[in-house]
């Protein structure tokens, strides 16, 4: 199994963190993984995206041309990446910020009202966690439990317990969408 | 005909000027020529030397490994270059500053009391001209007349008429040694 | 009557104009613009004196002033 | 009695010591050293006070001073 | 990461940071660097870790300052490093030439971005010539490692310090921007120095134990002396070529065509190889690990039995020259070169493989 | 010399000064340079002549300052130049990479001295790699002339300015220290520009005639844009290779062995050739005049009929690579390389020729 | 009704890529206003340095050249010497001007090169993501001095105007700020003087602008502006440091 | 009878390659005397810059490293940071320190790097044969300003002590000269202070020494010394410019 994932959205939506959490969880689960952020000049206001590969054997090319899965947090990112998804792959997208429907009919689509749900949980800044939870629960690329018990602590240490708790809640709420 | 010449002495003895005068004269006489000063770090107190080639056809290598002629103005230079002269070649040397005899017996030797003669002419700074005059008159590589009428003016312009006159005298006195 | 014209699509919501306005008639709007910022708005245009302070402070040339 | 010792082979004949000597007892010699310079000489050693001025000025460490 | 470094364990780390941690483990006493994308995480990492370890970190006034501080620190016998990306590396070339000439051990990293000029910050391998041929002046070489994943970035950093000390010369990692920026699991091996690293006691400056004053210089005005020095360097380089040449061969035994690639390119090439094999082409992969010394001999041997090679590189025919030099006209060396951040797709490579196999006898397939 | 320049006449001039006068004649409006031996006479000459002509001379704070001033002057459409020697050239590499990327015409001179490091001030050709491969970062090239006498220094300086303008790119002379320092008679040809040099009106900055604001840059963050730019450069380079490759062949028709050499080396090689012919060896000479573009095609053709080549260079096997690249394994390419100021003697070369001719089938004669 | 404040003609109608609250925007605008005021649209050449303002050509409606990092002063010299009729504006960040470009800055100033320098002092490296600049305050954190600048390791924040004050060729030096309408106006006044002196061929004229970088200071814009007022202006005194026309 | 003036132990018994009347000799000797005085023979590392003093290793009887042209301050930083027990003496000419090395000098000074700088100001480039230096006086001819330095083209002679005075990390700055026994003694006193401050880890300490280069000034040594006194000391004021221990 090799799954290629791309996360995309606004700068500030925690896109890179989503990728790192997936990669870290994969490592903890003894899978092979590579993570690559789209880095840019440090000027702001653009879109952010990153790619992760999770596999159970050696990963050769770390580049993701045709992702199996995309996690899309805003409209411009859907425009940019919709066409790249492998036929039969998955598009998860954030209906809170995206009005339109996915045009393709050869892929699976999963809608997540990420910001709204995050707001319900306590802060719309956790929208990325809601999305991540949904993805994990739906495709089981990695385990929700790994995220909750290992990865969050490792990748976000230094954050307040309040924020961590919020994130855990958001993850679980996201996961519940897919169960 | 290709003649390879090396001039050598103390810094300050006008060694490079000797070479330039030969090269310039050769050019004026429509011969082929190349001149190459031994350049060094700009620190003082060393020996100076330069090489000139005069030929009636194209000059390939501008480097002088085995000179046909050496014009030697001081002792260390004789030590350094005596052995390099081509068998059958010429060593002109300044007996005013060199006590010893030339050791080789397969070369022609011409002694010039350059400083003393220059002193007689008016200034020991013209010792190089005395040497040059002797060389030119002896070997006729270039013409004394070219030096007197063309080269001195071209290569030393800016010098006072007094100095020029001194140089002309010294050249002639040198030449007279060899006639 | 003096007035300002705000281009909400240029505004990045830094709030410098809000602080600079001597009349205190500017604030950040609730809504977002297409870049995802809360653009500034003038909630009491009558009071505007056309002093240009807001515009002077704006890094994004989002404010024009008429007098 | 104070005295200086000049190493004529180190001296390059710059003459700084000649100018610096308050007793004015130094001068450049007629002859040349092996580097081709006129080394300095003391023509009236009796007058030397050992003040070290000559040595202080010498760039070539050609002068030792005893007192 | 900093509080306790889990040596021996698997961690998820960015390539830039992995090099930093490896340097710390290898006893690097001083890091000097000037910010530049895409290697900033390395500088930032060192700014924290070196101070934690009570060692030296300076954000220098410029890349030139950094390389010359390395010259100084290496001369007193301490391990040190600098890192930069392409434009900054150009500025370091004079300093590298001095370090090579003075035979000082210095390790450095170039996380290559798109050039020439300011270019862009996308991944590239277009500093290959500069790294392997000496972008600086004079006859000299630098040992150049071209790692392919984060683990190798870590391992070759340690090795880079060791071989620098072993041969008293500059050594470097040339990594495309992807390697610097990506995260992968890696095992933080404990540092084990190469056996028999020479002592520095007989040449390092400022050591009260040495009786006679020592000199570190790159200046030899006297020509025979300097010429001999350079020849000594070159004899050392021949020894290094014998001892330190590293490469990897995959499935070349039955290959009709061999991909030659390093760094991230080698990984994409490997994926392409797998795909092409599935499609029935007999493809192998040759991966130079040291870019200087370049594995010319094994490549030349390979050329005796393989008719085609396809060089894939993030530059317009730089490593291609080394492959052609190694193989002469024994084999047809095709090129798929991208530049300024362009990255070859797996499918493109497969297509090029096919074209190369189909090429006429005197035709070389090149994409520019 | 300065008062009245005897254009059209034969004069005796130092190589460094001949380049200066040629630049003045060719309409060089600005000279920027920093002192370094063995090219100081060029800087000194320009300090006088440029002011006489009411043009610009700046002794810059550094070599980096000089190359970047050239970048500025070229961008406003004026001819300009800089010159230096090896360590100073290393410092200019970043700037040259920028100039190449921004497609600006700049001419410069490297009077090569012994390296690496501070080295010495003796003649050398060891900056061949740096000059021909791009010592700076990224994929780019510089047109490199390798003159052999003072007349050529003069002529190729003029040509250097012209081809820089023609192709909008950096061009240079690579001259060993002997060429810079020697005096020879030369004819001060009048400057005649190449026909049809393109106008600069559509890209030079600060011209009130242009309506829309213009941009000179080497930055293209977007990858496809930058990649296309580089490919355009490389297509230009292919055109240049076709149009501007220059070389000289002497007595190669009946040769069993051909000497390959440039600069002063080519002259010594020629003397050696004459001596060897007298001794009965059938020797020819191939002299690359442009070092980039390197005359690979004619060399390759020569390799079809000549069994041996002997490269003679003032470096340890740098041009040797280009000759081997050009000739593959079609011919045996021997090497007589000297370094750090060492100069091959005529007799040495003859000896090497003999050894090469006598060499066993798989043996390459090399002197280090 | 009259437009009393609007987009200068020397500015293109493009949204900037700068972060919210970044000081570059105001500085760009002042420059453009003065280009209009002096009628320099056709003669002006702006230098986009390597730094966040590297894309100045997207905003300025006159010729632009991008210089290598730190070399803007040399590039400006090359242009203004060769085309004295042009009006060269070298726009530089603190990393660019006062770290890697120190030699070029000092010597262009000393030679009295005839161009305007607009020096943005935001106490940080913006473009590369927040490293320490030569101007970073003591104690101020950055990605390369995470516990705050420690002068025993990294030295002290350099005051550029004070440093250049001793040099012969300098015509004008002033330090302004963008923290208040008053200071924005004063900064523009300084820059107007600099423009005038360069038009009069008086030589090197530099205006330093203390400027916020909220992103890399880790603050929101109002916080950043407050920190600028409280901390930066404490170290970086505002005012005119040299004016050769005033000396007489 | 006691030897009151003799070759310091920290000096090798070699004749120098310097020209007659060159100031480097006295400067070398003072340095060596102080190395003896402070007992630093085993800890001292001298930096031979690229310049006439590039062969300092032939004269000094302690470890020497030759730095790339202009980079002595960076090399000194690399050594003194890595081996704080060493005593690093960066010996530099005016081309080296104040032209190509401007950035390294300014930033090492600003960081307060702990080494001694001996700065030989001879108003010319010696080794390369007499080109203009940053310190060349207005009107003074050189091979690259043959009609004399014209400030409108080449700027003004830079006063290094004055320039560095504004920087935070500097512990000590003084300018001496070798034109008279008194000034030689004063220079040694300045340098002694600089040594002391560096031994006390106070940071960057520089002593500038105004020094003759008869050869490239085109004068004989006595003429050169007179010109130094009359012209150079007129522009380059002698004295202590900064002493952090005196400030308290």
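Letters A, B, C, D, E, F, G and H mark the chains as written, and numbering starts fresh at 1 in each.
Here, contacts are C-beta pairs under 8 Å (C-beta built on N, C-alpha and C of every residue); 3 or more make two chains touch, one makes a residue touch a chain.
Model, not experiment: these values are computed from the prediction.
K.L.:
Counting C-beta pairs in contact, which chain pair ranks first?
P.N.:
Going pair by pair, the biggest contact count turns up for E-F.
K.L.:
What is the chain whose Cα centroid lies farthest from the Cα centroid of chain E?
P.N.:
D
K.L.:
Express in whole angstrom the distance between the two chain centres, defined as the mean CA positions of chain A and chain B.
P.N.:
Whole-Å distance between the two chain centres: 85.
K.L.:
Just how far, in Å, is the C-alpha centre of chain F from the one of chain E?
P.N.:
Computed value for the inter-centroid distance: 29 Å.
K.L.:
Can you work out the whole-Å distance between the CA centroids of chain D and chain E?
P.N.:
60
K.L.:
For chain E, what residues touch not just one other chain but two or more?
P.N.:
Residues 37, 58, 61-62, 64, 87, 94, 98, 117-118, 121, 217-219, 221 of chain E each touch two or more of the other chains.
K.L.:
Which chain H residues sit where two or more other chains touch them?
P.N.:
Touching at least two other chains: 18-20, 54, 66, 68, 99-100, 102-103, 106-107, 111, 127-129, 134, 153-154.
K.L.:
For chain C, jot down the residues that touch at least 2 other chains.
P.N.:
If we look for residues of chain C contacting two or more partner chains, we find 12, 35.
K.L.:
Mind pulling up the chain E residues that touch chain F in the complex?
P.N.:
Residue list for chain E touching chain F: 64, 86-87, 89-91, 93-94, 97-102, 112, 114-122, 124, 126-127, 129-130, 133-140, 217-224, 226-227, 229-231, 234-235, 315-316, 318, 321, 324-325, 328-330, 338-342, 368.
K.L.:
Given the complex with chain E, which residues does chain G contribute to the contact?
P.N.:
50, 54, 66, 68-70, 95, 99-100, 102, 125, 127-129, 131-132, 134, 143-147, 153-154
K.L.:
Quick one: in the complex, what on chain H touches chain G?
P.N.:
Going by the criterion above, the answer is residues 99-103, 106-107, 110-112, 134, 151-159, 162-163, 165-169.
K.L.:
Using the touch definition up top, name the residues of chain B that touch chain F in the complex.
P.N.:
Going through chain B, the ones touching chain F are 20, 23-24, 27, 32-37, 39-42, 59-63, 65.
K.L.:
Taking the touch rule as given, give the residues of chain G at its contact with chain F in the complex, in rising order.
P.N.:
Touch residues, chain G against chain F: 42-43, 45, 48, 54, 57, 60-68, 71, 74-79, 81-83, 85-86, 103-104, 106-107, 111.
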